[in-house]
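What follows is a pair of complexes built around chain A, which joins chain B in one and chain C in the other.
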Partner chain A sequence: MQKNKDNSMFKASWTYNEAPESTDHIQIKKKYDLYIDGKFSKPIKGKYFDTLNPSTNEKIASVAEATSEDVDAAVQAAKKAFESWSKLTGKERGKYIFRIARLIQERAREFAVIESLDGGKPIRESRDIDIPLAANHFFYYAGWADKLAYAFPNRNPKPIGVVGQIIPWNFPLLMAAWKLAPALATGNTVVLKPAETTSLTALKLAEIIHESGIPKGVVNIVTGAGETGAAIVNHPDVGKIAFTGSTNVGKYIQKATAGTHKKLTLELGGKGANIIFEDAAIDQAVEGIINAIFFNQGHVCCAGSRLFVQESVADIVIDKLKNRMETLIIGNPLDKNTDIGAINSKKQLQTIENYIKIGLNEGGEIYQPDCNLPKNGNWCAPTLFINVSQSHRIVQEEIFGPVLTIQTFRTINEVVEKANNTPYGLSAGVWTQNGAKMFHLTQKLNAGVIWGNTFNKFDATSPFGGTKESGFGREGGLHGLKPYVKFD
Partner chain B sequence: MSRLDIQKTYKLYIGGKFPRTESGRYFTINDSKGNLLANMCLASRKDFRNAVVIARNAQNSWASASALNKGQILYRIAEMLEGRKEQFISELIAQGETAANAKTEVHEAIDRLVYYAGWSDKYQQFFSAVNPVSSSHFNFSGVEPVGVVAIIAPENQPLLGLISVVAPAIVGGNTVIVLASETKPLTAISFAEVLNSSDVPGGVVNILTGKKAELAGQMASHMDVNSIIYCGTDEKLMKSISESASLNVKRTIFYKKHDWTNELCESPYLIEKTQEVKTTWHPTEI
Partner chain C sequence: MIPNLNNLPVYDTTGVNERIARFCSRSIKSSSKVEGLKLALSMIDLTTLEGKDTTRKVQQLCYKAMHPHDTLKNIPTVAAVCVYPAFVKEAKKALHGSDIQVASVATAFPSGQSSLEVKLLDTKFAVDQGADEIDMVISRGEFLAGNYQYVFDEIAAVKEACGKAHLKVILETGELDTLDNVRKASEIAIYAGADFIKTSTGKIQPAATLPVTYVMLNAIKDYYLKTGKMIGMKPAGGISTSKIALQYLVMLNEVLGEKWMNKNYFRFGASSLTNDILMQLVKSETGIYQSINYFSKD
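So, the complex of A and B:
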């Protein structure tokens, strides 16, 4: 009780009435089939799996499990469609993609609710971030379709062919958009597999893609787990694999595609450093820390999961951080007050809880706010670990949950070395009001995305991707076109 | 009156020094008549690992050197090579080239260095962007070197081929460990002498002579190498390189070219291959 004595005043000052988003306007079928060659068709082996609402663990719908036979049908449809799709003028290709962007915007509310139902993320995030960004991504790349010659001066970009795309469960629709939009704009055809715990918005997207009138076979969406993904990766008629997910699976895919001439881009794990200097705007930095690690329950590959605070301000930053954590609202993802939703799956919850145990066993000092977690479903309180060092596993390994490790530092060189001392290189954050210090750090940090005095910002025009074991290739912006073209 | 020639001992080039292989082993290179040209150092995996440590230590300061400075250093290499071109032509001829081809190769090699010297302060602008994000942020993407690059140089055109893959990597701020042509390694080590007198900091370019069969696996699997370039057409080797590269998600680059005199062999897009895009965000609202 002692530990929360000071912090409880924050909680007491704020009471909220429930403000749940209505689910009346959404349409969810009991059963979802595969989208292959412009048709929704049953899986050849007839198997289905359940998709659950992670905040209750109740079943939402049955989803088809694609086997290698279904994947083959999808690849063959894509291969056939490539003949005419790749010859279509860029202008016409672009128009289909613009249509998809518009159709997502029109049904944005429905998508947001389903995303939160199926994935557990707060409705505020799916409504304000995931869905609008997904639509923007299609809109952005639609405009590139007839301008590709300007993206690659002195070269002659050509589409690759059939592209296999495998996406994760943390931003289901947004990741589908990141993958599909540039692939289609450059004239490829696609077989896309959403993650098995979050298939619904990808399947709703299939409905929209169907409505857009895009030629059959250009986009095929097959659902299933790892085996379905492996069937895509190993299919001989797939010319390129784009994968977003864990570093372990990424390494497996790099190995599996060795010697096949398949092009490959990987967007993998991370362990982002978030660095707070004594001359930072401390209150803004505290908000930044919260956003860096608790955004989307910490299910973010670029999360700022390693906090480095300059020693002189460590006490005040940690105090303020604990106070702020007391005010976080954890609960129903559909409630508009909710800050932290449900952990995406039981399996992921076990992973996170296991890491918390590891942290305690290695001698870390834990802090969690005094919050009532719902009884059913998968929940994890926002968690801090202090008294940890570089060698702790929770400091080195990606947890993919709302768990932050805090270390202190004295000098710039020290923090640069600590921040870069990781096999990952996806993201980093720096908080200082000193301009030269900011640019010095953004240059020295080894990561694909650096946020200065902000964190976890994304945009269709902004290239995203990692260095080192966080993968290769960029998504977003001009640079995001390159993975989907080949040259003479 | 006859005079006995002084023959050169060809050694490795690591960290700006010319050590022998730690293994004490050698392999012989003969001319077309079977006469001994040189006993080359047969570099070991340990030599490669030592070179990686040195290349890693050299990388930050090389990347931090100004673009103009890097350009001038590359130009200086060209100057040094120009002054010693007769030696390189005769070495190429000794290794089996015709006189005409040898001359062309050396000239192209010098010009290629000048070509990349000129790119040193330009490619960044070519591959960078200011991104018009929808929120109130200033957002830009630039390129940075991938880090330490292991290079298996082409077997043929042993001077021009090596320079054609090394120059775009180092002008981009990377440091490299090169395995020279196995069958025609002489010019690679003579080129190291040129590098050594050209203001190229020690450790930026490290050159080994030895066998692909022994070293390629270590080059592809080393956990502190960021990228591997293989020049050649051995599909089995490419497969095993890619498999080992997956251990630390190395970037693999394969050049299957046979003729490095082709103008397509010089391009800023070859610099781009060993670059990483970094995107930086900062708020603009106060």
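So, the complex of A and C:
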């Protein structure tokens, strides 16, 4: 593969010693059972699968595989618990949610280490972003629990019943928090399934939820792969499905729930446009590009994976981006200095590598920094494809990895047309110091989230969700309550 | 010739602060920490710039510069001693035989509020006394009034007066207020002939900060990309602990890299930093933090 060495002129000479976060304070069991009806119980068919450390592909623990019988037990437990939980006052519900938030904070370090161990993301991200944000979501929605009448004035909001929640592997604990917190605050009971490659923090969360003393059956956590998810989606006693994951699975779920009473929210894939104008603060925009595409190894549905640079600054932006990429530290996710960690699974690595091959076959100009990737585990160097067009497959399809495509544009209208020319509509970023231009763009871009002079910023108070094939429904903020209530 | 100042890169404070936070979160441990501390020590311009300075005070400082902590083996001396012009000769004498440079502030330091004639005389006096490096101040009043040509010409004239002495140009960023102004002043200084650009006199708060230094490093980087010429950087004032010094070095390492990681291209203008670094170095050797009274205060 072609590697350009010209960009090492500013290469760092001072290498930092390893600074691994210690793992001696964490507790991981050898075997994890299902959390159903307030108890950890073995799966009915007795099957378990391995969860691996993606940075080494060594086994961390065995996790129970829930079959449709287990899912049924979980739904029945949730259904029974709903009777009393939905009648509890909002204030009382809020107390439990606040307690969960505080317990996450207390054990934040343990959660951060396990998240990085099981998922491959750098400890800097799990410590500074995933875990604090997860706690924030619980705090935020705990506050809404006794104020729902004010969230929906004169509409008498009521809980739906049992909600089924299926979460992805890219932000395991954070996505669990996004889904659980509003569901509990509005008085629903939950059956939640974490992704099969990253079940551990959800199971740790089950321990915390148990510790919080929340009534049994209110939260049930079942682990497993696609079939377990399908059992939740197809269960007749589930009143609502909330899913975050790939667009293909989202389409399957929408078909499966069509013609049923089930409410549905989907947060699916994306191919976010990150647009840099000539009047942007270029050095900060370059940081923005890095943060948009290499955050969490690019395993981000709202990643800024399509870069659009105005032609007049294209050369300087690309040069600076290449120089900056030389200083990225790739390696052990538990090292505090790591910028880019491991790819979440072998399967995902194959997908990414396949797209890189497609890009090369399409004649894309590839750039990867001069970095040494660890031998074991799943690793992918941060990658640019320069001088590509809307017609390239790597520009059209979601890669879900650290691969950025770079296109140039000349005018506002041109870039709006190209940015919107995708089946997705989740995120976009605009970089300009011109306020009028910024507001003009945010009106024209068809995306659920548009960042101005920044990228990949999240907050519990801010709604998040997509348009077009990126899904529907919002999570976070006041909007995030709505999918979990019904009105008279 | 004065560069085009209308098309300079602009800076977004929020973005810059985020970048700085990333530098500060680097974890520097064990041997890489010792390496960084020794490097920082070797980059210090040990400074005394007080109205009450005397010959004997300067002599004491010079001894400290050459013998930072004699019980520690394998540590470098500082890079330079920085004094007022009146003490250059004495410092030169005291440092004789070492490779420690004598830097002198000049040009009506710290305010710069005098005529060009006086400033040039001030510079020439310091150079004649033997100064290896001149730390001049720019005319911030003229800069803020938009008289960029004046500022440029003044720096160019002082550069000429320096002769063989290296010129460090102090922007006094604490008075420039915005990062965009810092970038503009850096550009003027570099194109007018600065060998180094320096943040502050130490007499105005805030003195050196990481964001301001980041912007100046970027100006140096862009100039290098355009011309292939290397300009040095000197943050001065307010860098009093090893921890902060290491944060500056992380930033230098990741913005400009290898070529700049030496005293020829990076300096710390500081006085109390030296003893804090020594204390950390002793700690890394013995495992014990010694009392501050084990470190000489000159």
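Rule of thumb we're sticking to: the second predicted complex is superposed on the first by the 479 of 488 C-alpha atoms of A that agree within 3 Å, B and C clash if a C-alpha of one lies under 4 Å from a C-alpha of the other, contacts with A are read in each partner's own complex, and residues count from 1 in each chain.
To be clear about the criterion, contacts are C-beta pairs under 8 Å (C-beta built on N, C-alpha and C of every residue); 3 or more make two chains touch, one makes a residue touch a chain.
All values reported here derive from a predicted model rather than from experimental measurement.
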Partner touching more residues of chain A, whether chain B or chain C: B
Which superposed partner A:T454 touches (first chain B, second chain C, both, neither): both
Touched partner set for A:H440, first chain B, second chain C, both or neither: neither
Chain B versus chain C as contact partner of A:D283, first or second or both or neither: second
Touching partner for A:G477 - first (chain B), second (chain C), both, neither: first
Contacts of A:L268 with chain B and chain C, given as first, second, both or neither: first
Which superposed partner A:D319 touches (first chain B, second chain C, both, neither): second
Footprint overlap on chain A, comparing chain B with chain C: 453-454
Complex interface listing, chain C residues touching chain A: 9-12, 14-16, 18-19, 25-33, 35-36, 39, 218, 221, 225, 249-250, 253-259, 261
In the complex with chain A, residue positions of chain B that touch it: 129, 131-135, 137, 139, 141, 146, 226, 235-236, 238-243, 245-249, 251, 267, 269, 276-283
Interface residues, chain A side, partner chain C - complex: 9-19, 124, 128, 279, 281-285, 287-288, 319, 327, 336-337, 433, 453-454
Contacting residues of chain A [partner chain B, same complex]: 136, 154-155, 247, 250-252, 254-255, 257-259, 266, 268, 423, 438, 442, 447-454, 457, 459, 461-465, 467-472, 474, 477-479
